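Right after this note come the structures.
There are two complexes below, and they share subunit A, which is joined by subunit B in the first and by subunit C in the second.
Right, the complex of A and B next:
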């Protein structure tokens, strides 16, 4: 029988082995990171104190929400569309209760954020409601509720002493310190506590977690509670910075937060990821936004480019996951 | 002249050579088994024959003509039909529609008499002559769906049928149906390639067997020339000793007592007393309720009722936490979906139910967890170097060992419930699982297993309870039962219990 040369064919799509795919993804990350760094450092004014300062601020406000979002994503509940509204609403609550004193007002705002998301978490965890639909309902309730409560007016605080939440310590913006604190606590919960490990198990495989005896509803509820607390921290920081608040304050934060979570490399399906990764994701997105701003691109361009980055990241992940 | 032959086929994926210079020739009227452990290259070989992959070297020939199989479509045109594990039927459509679905010779209106007749003829050949053509596929059992799939391939003039582990999820009755369909195909002059993990089936249905190991051809033998032990030796490259361990039954005190268990809608009035140091097997096919009983005892069935006690203490049903508190552990029949966290690390899997024991005030003692994982890995024979690997990098057998390891934690032996413990596990690892089961016995565990593999039931159990449609048919002590009696019980029981 004669030897017939078998045609080696080009196939559409990427076919990579698991380990190799991971290396490729890692390489792309390193190259992308390097590219962004060069892009940033070559931008005039990027390293100026003013720009670094505003970068840190941007990272802090969004970052707290993104840390909160990480918990929701990691438990396999994709994202919440209501976290931006939770930021705004807890800012309003903080400002409205400032007459009690700054610290009590802070606690009231956190408690408010926690209650709002705990209810959502319980719905998702205990009766398996669809997380996206629950968050859409919560968004609507928050916006409506806030409009009725405030009569649609901006709120200006009556109290004093907002310095605790703004200004600088040792040259670092206070906001950034609160954010880094949130990251450290968040990462600690995720990798050093039982409930954190249970969240990862629930996100990795819900049925297996049930069979392993994990209290899955509790794990999901706690993830939402943490998301609410983190969002409220962001709300308080924003309220303190601007000295006033309305429901526009946190608009779009949920979208940027999920973008940061994904760019950081937390799996959209849940079960793997970390808060530190989200920190990286937030930083990358904020650097790109700052650079675009410094180079004179409009807000619209920033949205467009953030959108492209998220798309690219999702494609990268899909290739990396493929076996 | 062989109908289908591959000669000197080699295939690489990156640096891995998954097939090395493999040659196989198939004749008409032949049922050929292809055997080998996981990773031996069976699937890759099939994918080359069906045009999914192209070989890096070597020739595929049909009717003696060297041919380049371009893609699965082309393979079908050549008369090579793959009956896939994941069925490609559309559940909402009728049997008739499915048979003609995607067939290019069919006109728009395929319900005409000619096409109905041809579909009917094909169904008769696979033993489904009495099946109404309008039945929606969703109403058929998995076994019948496979038969419909075979009929569909017949209408496309397939000459070579490739079945990839067709019986993995089937009951014995359905397996028998598939077998008679395959015998009918053979009588028609067709060729069948039959990939299986179950060695019993090789001798039951196949004329010859080709064994692959690590991508290399070990050899092809007629099934009447060799025996089981020989076949296993070919697959493993060494002699296995025996598949099933030898042991002495050492009944301990009663551990698990079940009275009046009901698992709607299948099981009613189920009673069982299980002792320490014994393996009790509920033998039954899909639908017998054996699997459901163990799921209910594990706390996973929300409407189960009954009186259950473990070591004299009443155990509430319908709660996994309550079952675990009573030291009842469960190994699922659905390893990927429920048994193992595929995307977590091996170590994290092993300690998954033990987090409470290794944490104070909710904070994990990570060093303790690592030590515990290492100990469990050693106990069940998983390489400690793999503790940090992701669980989905392990073979099916090693994943199953993780499930056993998870159940082993804790200081006191309890009850271990196992549903189909060796499903999808290859021969070598299977023997290790059986040894593990005996080790759990020796440690004083009380084991209850549900299985539809009669050989396994007979080879591992101290007590066998046969089940049929939710009823307990008979109870045998070790040595009292044989294949025929258990098979009769679980397929068409004579004496109603």
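Right, the complex of A and C next:
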């Protein structure tokens, strides 16, 4: 959100030119990545199937939301504070409509998530409403609407067929397969379709995109639509996993998702980044959490150490980007 | 523009219009039953104001300079826990340490941003997670009770039935901030930094110092809110108030702080916070269930987002022109 500095300089006594700074940052990234890998692999029990499975599960739920958040961040709209609530609400919709059969219910849940975020995207895209305020409004409306619709009760499945979204295929948790599918589709849209390139262009320089004749409003709306669809996928997976749902299901997912996006190295100002980077970000955070758990750190130390590492990684990335 | 439109669209006047509008609306719904327009409701509005007001002020100041301080939510929790843990015998010591921790963490984040030229969202997100972690470590993941219950009673004791010591203190900070922003060079510097940082720097303003100062102030405000809240609840828990950040951001933006920077005032922010607090306690005073508050708040936020949208008029005009062209083809401009 801040401006471009007049002159880049490190006040740490070093002055680095563009290319050299990039080399230094690359070296630090490689060393950090290697360090995490060695640290993880040397942890007893990390490579056990149980730990890998729980890692994959943890990645899948939050990862889908983070992929969705990537689209919002990449179009220059910072973040949405309503994605966590969208996850919970679409989980409730999925469970409630399960009597229609599992695939219709899945489609209804996705459609619900898409409509919720499409309205926000249209407001942000077509009349440039403030994305943070719009997302806070959506958060309030979702929480209020859900409380009235459910009467504050937990929602239990109205039909059978939840096992499509849990269990294993060839030893891999199904959730992870859905997540990797989301990543592949997301990256495909971003890199290989016209609308995906337009999203990056809009985030990188809105005025230039308008001048180039890009339909910026449509690009932003589609980014929000994709975010809603991804969040709804996460909601469906969570609903299947827990077998029931309430609005607490996705609480806090917004912050974890944006942390994953930033740790992956997508620029907060928009215009640069990718879904695969977000995959890396989610994985790094999950690996750190698993390693800390296996090494016997208590919950509170896990929070603190994860926070410090996220802060350090974000600093590292932005130093590399801002020249 | 007619006078009504000025009241609604002028960003400086609007926070107050919206606030008075919501008071009138609630009074109308209440229709003289006396549940809404009562001293009790005023008191509870002010108590809510004391909880969210200072956080919104700090966050609003950071939005004013085109940054966004996510870490306020973490600072509220940290400062509350520090105060409760150190201030059992001497509440002033707890207050000092709690607010000090907020000032220092804000300043450190400001230093990181300005020295390394980083964006505030990233740094304060890291800061938020780190501060929350620190709070969990300090409290050992437990709720800490505050034994000195007389402090809690004193803080919440009504003065003249209208305000408590806590809400009066909170309001005093707002007045101080408003005075500083209006009558000293601080206000001018902050507005200049928010409007166009590069121009401000070329004009000879040390914008880095302004940024660090604003983040320190933001941390200090959030910390004060956290300390007062924990003292008056008689307990502090590492589980942060989940909705504090969203509420504070909404209040600041309702209060007329522009997200593109350089526009906004402490009194506007106060009006924004009061609007949300009036809706919350006013609606529950007239017996509306809590879920409806969320809906009403959501609709008001959407309405403000809609009115504030920079492209709204252009879209409406071009839509009208297009319709006129279709309907009355002979009037088509050459």
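The rule is short, and it goes like this: the second predicted complex is superposed on the first by the 304 of 323 C-alpha atoms of A that agree within 3 Å, B and C clash if a C-alpha of one lies under 4 Å from a C-alpha of the other, contacts with A are read in each partner's own complex, and residues count from 1 in each chain.
In this text, contacts are C-beta pairs under 8 Å (C-beta built on N, C-alpha and C of every residue); 3 or more make two chains touch, one makes a residue touch a chain.
What you are looking at is a predicted structure, and each value in this text was computed from that prediction instead of being measured.
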*Which partner does A:272 contact after superposing on A: first (subunit B), second (subunit C), both, neither?*
first
*Classify the contacts of A:215 with the two partner chains as first (subunit B alone), second (subunit C alone), both, or neither.*
first
*May I ask you to decide whether A:153 touches subunit B, subunit C, both, or neither, giving the answer as first, second, both or neither?*
neither
_For A:205 in the superposed arrangement: first (subunit B), second (subunit C), both or neither?_
first
*So, A:42: does it touch subunit B (first), subunit C (second), both, or neither?*
neither
_Chain touching more of subunit A, residue-wise (subunit B, subunit C)_ = C
*Which superposed partner A:134 touches (first subunit B, second subunit C, both, neither)*: second
*Does subunit B (first) or subunit C (second) touch A:315, or do both, or does neither?*
second
*First, second, both or neither for A:197, with subunit B first and subunit C second*: first
*For subunit A, what residues appear in both contact lists, the one with subunit B and the one with subunit C?*
1-4, 6, 8
*In the complex with subunit A, residue positions of subunit C that touch it*: 66-68, 112-113, 115-123, 125-134, 136-137, 139-141, 197-198, 201, 211, 238, 242, 245-246, 249-250, 253, 259, 290-299, 301-302, 304-306, 308-312, 315
_List of subunit B residues in touch with subunit A within their complex_ = 7, 13-14, 16, 54-59, 61, 66, 68, 298, 300, 320-321, 323-324, 330, 332, 334, 337-344, 348, 352-353, 355-356, 359, 362-364, 366, 393, 406
*Would you pull the subunit A residues touching subunit B in the complex into a rising list?*
1-4, 6-9, 17-18, 20, 192-195, 197-198, 200-201, 204-205, 207-215, 267, 271-272
_With touch defined as at the start, can you tell me which subunit A residues reach subunit C in the complex?_
1-6, 8, 10-11, 78-79, 81, 123, 126-130, 132-134, 136-141, 143-145, 147-148, 152, 251-252, 255, 258-259, 262, 268-269, 298-308, 310-312, 314-315, 317-319, 322
